[in-house]
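Next come two complexes built around chain A: one with chain B, the other with chain C.
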Partner chain A sequence: MSIPVLKFDAVIVGAGGAGLRSAIQLSEAGLKTAVLSKVFPTRSHTVAAQGGVAASLGNSEEDHWHWHMYDTVKGSDWLGDQDAIEFMVRKANECVVELEHYGMPFDRTDDGKIYQRPFGGHMSNFGEKPVRRSCAAADRTGHAMLHAMYQRNVKANTQFFVEWMALDLIRDAEGHVVGVTAMEMETGQVVIFHTRATIFATGGAGRIYYSSTNAFINTGDGLGMAARAGIPLEDMEFWQFHPTGVAGAGVLITEGVRGEGGILRNANKERFMERYAPNAKDLASRDVVSRAMTTEINEGRGCGVNKDYVLLDITHLDPNTIMKRLPGIREIGLQFAGVDCIKEPLPVVPTCHYQMGGIPTHYSGRVVTPQNGDYNAVVPGFYAAGECACASVHGANRLGTNSLLDLLVFGKSAGDSAVEDLKAGKAHRELPKDAAEQSLARISAIDNRKGGANVHETRLAMQRTMQNHAGVFRFGDMLKSGVEKILEVEKAARELEIKDKSMAWNTARTEALEMENLIEVAKATMLSAEARKESRGAHVRDDAPDTPEFPNGRNDAEWLKHTLFNPVDNSITYKPVNMQPLTVEPIALKTRSY
Partner chain B sequence: MSKRTVQFSIYRYDPDKDDAPYMQDISVELEPTDRKLLDALTKLKAKDDTLSYRRSCREGVCGSDAMNINGKNGLACLTDIDELKQPIVLRPLPGLPVIRDLIVDMTQFFKQYHSIKPYLINNDPAPERERLQSPEDREELNGLYECILCACCSTSCPSFWWNPDKFVGPAGLLAAYRFIADTRDQATNERLDNLEDPYRLFRCHTIMNCVDVCPKGLNPTKAIGKIKDMMVARAV
Partner chain C sequence: MERQDYERLRWRCIRRALLELDITLTRFLDDGFDQLTEEEQAAFVDLVALEDHDLWYLISGKEECNEDEARFVPVVEKLRKCSVRLAG
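Then we have the complex of A and B:
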């Protein structure tokens, strides 16, 4: 069977924020570039970002990149690489100003500058007090940003392959990346994109969890492709959760609800937080609240048919207070829970939000793997940026507004690095003879298998396993049994069957292929989480409690290191955290408290 | 809301095996947590994986799951299932070629969007910092920039149905005015020239279906009116 080969200088997989930012660099440099996306670019999940993008512009008060750097290192619980973090925060102003020049409709200050608002964890003067650093376009920053970047690409004549799904990374015998296989969704046609540079900007995989703020398309395709090509995945145990997302729907409900007096209740209507946090109760910190919620659900006191959520109750508040202080939340409750929170409590669960780990990269956007004693050997021809990549700037916990900054800075730097490497002028390397074989075999197996596993049920089994065993708060024994369970799910995910045999827009086939990517991420997450025997940032486990020797359960002597999960044999190795910034003194380790 | 069974009549067409489209009667049992039409479609797809439609963010910001619901265009993710008369009749967006089931070919729609040069044009050298814009000038973009390109409006517009190749349509014209209204954009005259045509702009007969169906509450007709006013103003 002969597969068409399309030759490009570069292919970018994904047209969300990171992909579109990379594409601008390549198109404006005049390189022949293909951008592949499962969805029309403005439908990518960057569109759902709300609060803003961090940059120390200082438009409303004094600010400095060094303060932003300190906050980001501290927010990462010291797991972020300090060279990458310095690189990111120092590029922030330039990248945000560029967006404004592209036409992004930022809100404005009275003197016409970009409007900035305060955000969690962003402080002035090395942690002293909140600072206005988040550059915002109302509460639609991601939408405004994504559209502005798409528009800039239209201007630059970027060549898009819209509604194409990348299937597998093509590496040659020496490990160089020489392109990807991809499928046109409308026709089912598989094509090889033969390139000199391949940039992954495929976003996160929040859909491995049952309750997620993420879009349906966030299935970790880039991580799945990297894993199948033998690239290790870094720090996959670190996922950002929010305690209160609408059960089932996953839409976020602000902490401000509890600030106004909201109370969490279990199936017995009990105000359970009194048992876990007698003083702060419902206003305890996120990890404490999420741990308590998870415990209630695990012990059978959850609500609903599956006993898998708790209730956020504000029915005792004055309706006028709700209408005045929480009108947006009332709207979300009506829209996505069918509940008027004035009269009925809202069903909530800790909700998966963001993947801190990913494909290991240098801050230049080049993908790196351990090789011959070098922890960070470049994989030639391969780049990654945005949520699918791990530079690592977010470490064990990301600060709000740093995700949009990440995709701008590293999207741009991955694009710049690719341009630099391409201008060095190497020709296309030869395609391996079996370049498309893996993809064709996967598709053929899915299309022809009889008596295999149902995609929907397998996905649900994975999501419930991840939610129950590797959620906001983690338990040593639950992680252990979670590993067994997810390996069981993996078996099913390798034996998927679909009924739809059509070549025309076969979404069943797409979902099966996505499931094969999701399971790689789920497995990496569960095994990496089980292996890390400390609490740090978003990874909090009961057998690594807060003690005088290990404040917050963090154990720097043993665990100040990045996890590298090797998908080939499910083994785990570690690599040091880079504590050495580019130009300033290292931000020294200390106990994290706000 | 309790468990309940909901009846559907859904437009089905698979070019690989069907000679012609047909309406399929199908029902699905919903959980109490299923609120939106998209939740029901997800359940239906779990039963029958051949049912094809686009979807992504499921919260009304990506614009993927636009379809014709009981005769009116809307987003499946923002439509309450229990407020719909049964059987719920689902058809692809009208006026665009159907690829399969509820999936339409949006090439023509995006071609019109691209035809208005949907990007900021400012040929001055880029300053080191942001270009200044007063809060009042920025306010002019509200109600324009929020468009999610779902195509509910253009595919509910009879003028677009008759001339999708010539009439820009409400979504494209809303985008055109978004740049005309932006104080940072320097191409107003060029943009008006681009629309000075019996079809591109003037096929809008203020039927206002676009306003009626926009899931984001935007008003393309008003934007089109402003472009027409500017045409008249520069003619005199």
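Then we have the complex of A and C:
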């Protein structure tokens, strides 16, 4: 079969914040640039980001990038690379001001400067007191950001391929990345994008969990493609969770509900937080509450047919208080849980929110992989930025509002690096003869298989396995059995069958292809989590508790290192954390406490 | 509605920027869309082309349709009812 080949200088997969930011650099440098997106760019999940973007502009009060750096390193529980973190925080002001010049309508102070809000974890003078560092555009920061960058791209002649799904990375015999295969959804046609630079900006994969705040689009396509191309995934055990999402839906219930008197109950209607935090009870910190909820579920006191959620009870509150103090909560309960919270408790569960790990990159945005003793050998022609990448600035836990900063700084940096590499004059390398073979074989197998696994059921099995075995609070035995279970689910995910065989707009096929990406991420997460025998940041194990020897369960002597999961043989290796910043003294290890 | 048009619409409903819309629109396609008149179906196609926040504010009742969005009103009402009815 003859497959059409489209030749570009660069292809960017994903049109969220990181993709659009990198595309600006390439197109404005005069390079022929294509952006592939499963949806219209301004419908990317970046739109959902409300919190703002961190930059030490110091518009509201004194601030400094070094303090921002300290907060980020501490937030990461010292797993973030300090060179990448210094790079990011020092680029923050420039990137925010650029965005302002692109037309981003930031909230402003009376004297016209960008207004800055306080945000959890943002401190001045190395953790001394809170500082206002977050720049926002009302409650639509991500939305406004995408619009500003999309328009800038249109002006710069970026070519958008909307409702196209990238399928596989194309690497030649020497390991150079020479493009991607992609499918136009409207026709089902598979096309080769033959390029000199390929940038992944595909976002996170939060849909591996049963309860996730992520939109359905976050299926980890970039990670799946990288894994199939033999590129290891870094630090995949680290996922940020919120304690109370609506069970089965993932929509967040604000922590203010507990603040107003909401009580968590198990299947016996018991107020279980009294046992875990006798003083603070339901107002204990986010991680304590999440751990207690998970323990209740794991010990069989969860609610529902599958005993997999607990209840958040506000039926004892005055309905007027609920309507006045917690606007929107009743609607969320009605729409997403089928429950009127004035009369019945809400089903809730700790809910996945953000992926800290990803495709390993240098802070220049170039993808790196271990080779001949070098942990960070560049994969020529390949770049990644945003949630799909691991630079690593978030380490074991992300500081709030650093996600939008990440996509701006590393989107730009990946774009700049690609421009630099392309200006060095490298021509298009020859396409391998079998460039599209892997993608065509995958599609053909899904289309023609009989007696295979159902996509929806397989996805559900994966999501329940991840939720129950590698959730916010982890247990050694559960992780071990989780490994066996996810490998079983993987077998099903490699044997998917669909009923609809149409070429055009076959959403069943697209969802099957997404499932093949999700399972790569789920497997990497489960195996990486099982292997890391300490607690650090968002990875908290019951068998690595807080002790005087290992505060918070963290064991730097053995585990101050990045995980690299090799998807080819399911093996795990490690690489050192870069503790050496670019220009300042390292932020020395200490116990992470707030 | 032709199969291709429906599948395109389906994709534009099940892959939104906001999770709230993914869930609500998927549910409506499964239980509600078929009962719309042809005119309402055409309005629904245009409605889901709105920006995610704008659409979610309409469906959740935080905002109402503008004067020039009058043809959306019956569809928005059904979307709101669909959520509540299924919830009950």
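As a working rule, the second predicted complex is superposed on the first by the 565 of 594 C-alpha atoms of A that agree within 3 Å, B and C clash if a C-alpha of one lies under 4 Å from a C-alpha of the other, contacts with A are read in each partner's own complex, and residues count from 1 in each chain.
Simple rule for what comes next: contacts are C-beta pairs under 8 Å (C-beta built on N, C-alpha and C of every residue); 3 or more make two chains touch, one makes a residue touch a chain.
On a predicted model such as this, the values are computed, not experimentally measured, just so you know.
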Please indicate which partner A:A201 is in contact with in the superposed arrangement: first for chain B, second for chain C, both, or neither. neither
Between chain B and chain C, whom does A:T42 touch in the aligned arrangement: first, second, both, or neither? both
Using the superposition on chain A described above, determine whether A:R140 touches chain B (first), chain C (second), both, or neither. both
A:F216 contacts which: chain B (first), chain C (second), both, neither? both
Applying the touch criterion given at the start, work out whether A:V154 contacts chain B, chain C, both or neither, answering first, second, both or neither. first
Between chain B (first) and chain C (second), which does A:G112 come into contact with in this model arrangement: first, second, both, or neither? first
Counting only touches as set out at the top, which of chain B and chain C does A:E331 meet: first, second, both, neither? second
Based on the superposed arrangement, let me know which partner A:M503 touches: chain B (first), chain C (second), both, or neither? first
Residues of chain A that lie at the interface with chain B and also at the interface with chain C: 39, 42-45, 47-48, 140, 143, 186, 215-217, 249, 251, 335-338, 502, 504-507
For chain A, which residues are in contact with chain B within the complex? 39-40, 42-45, 47-48, 96-97, 100-103, 105-114, 137, 140, 143-144, 147-148, 151-152, 154-155, 186, 215-217, 247-249, 251, 304-305, 335-338, 347, 455-456, 498-500, 502-508, 511
Chain A contacts chain C in the complex at 38-39, 42-48, 140, 143, 163, 185-186, 212-217, 249-251, 328, 331, 333-340, 502, 504-507, 510
Which chain B residues qualify as touching chain A in the complex? 1, 14-17, 31-36, 39, 45-46, 48-50, 52-59, 61-64, 78, 80, 99-101, 103, 106, 110, 114, 117-120, 122, 126, 128-135, 137-138, 141, 145-146, 148-149, 179, 182, 184-185
Name, in rising order, each residue of chain C that touches chain A in their complex. 3-4, 7-8, 10-12, 14-20, 22-24, 26, 51-53, 60-62, 83-84, 86-88
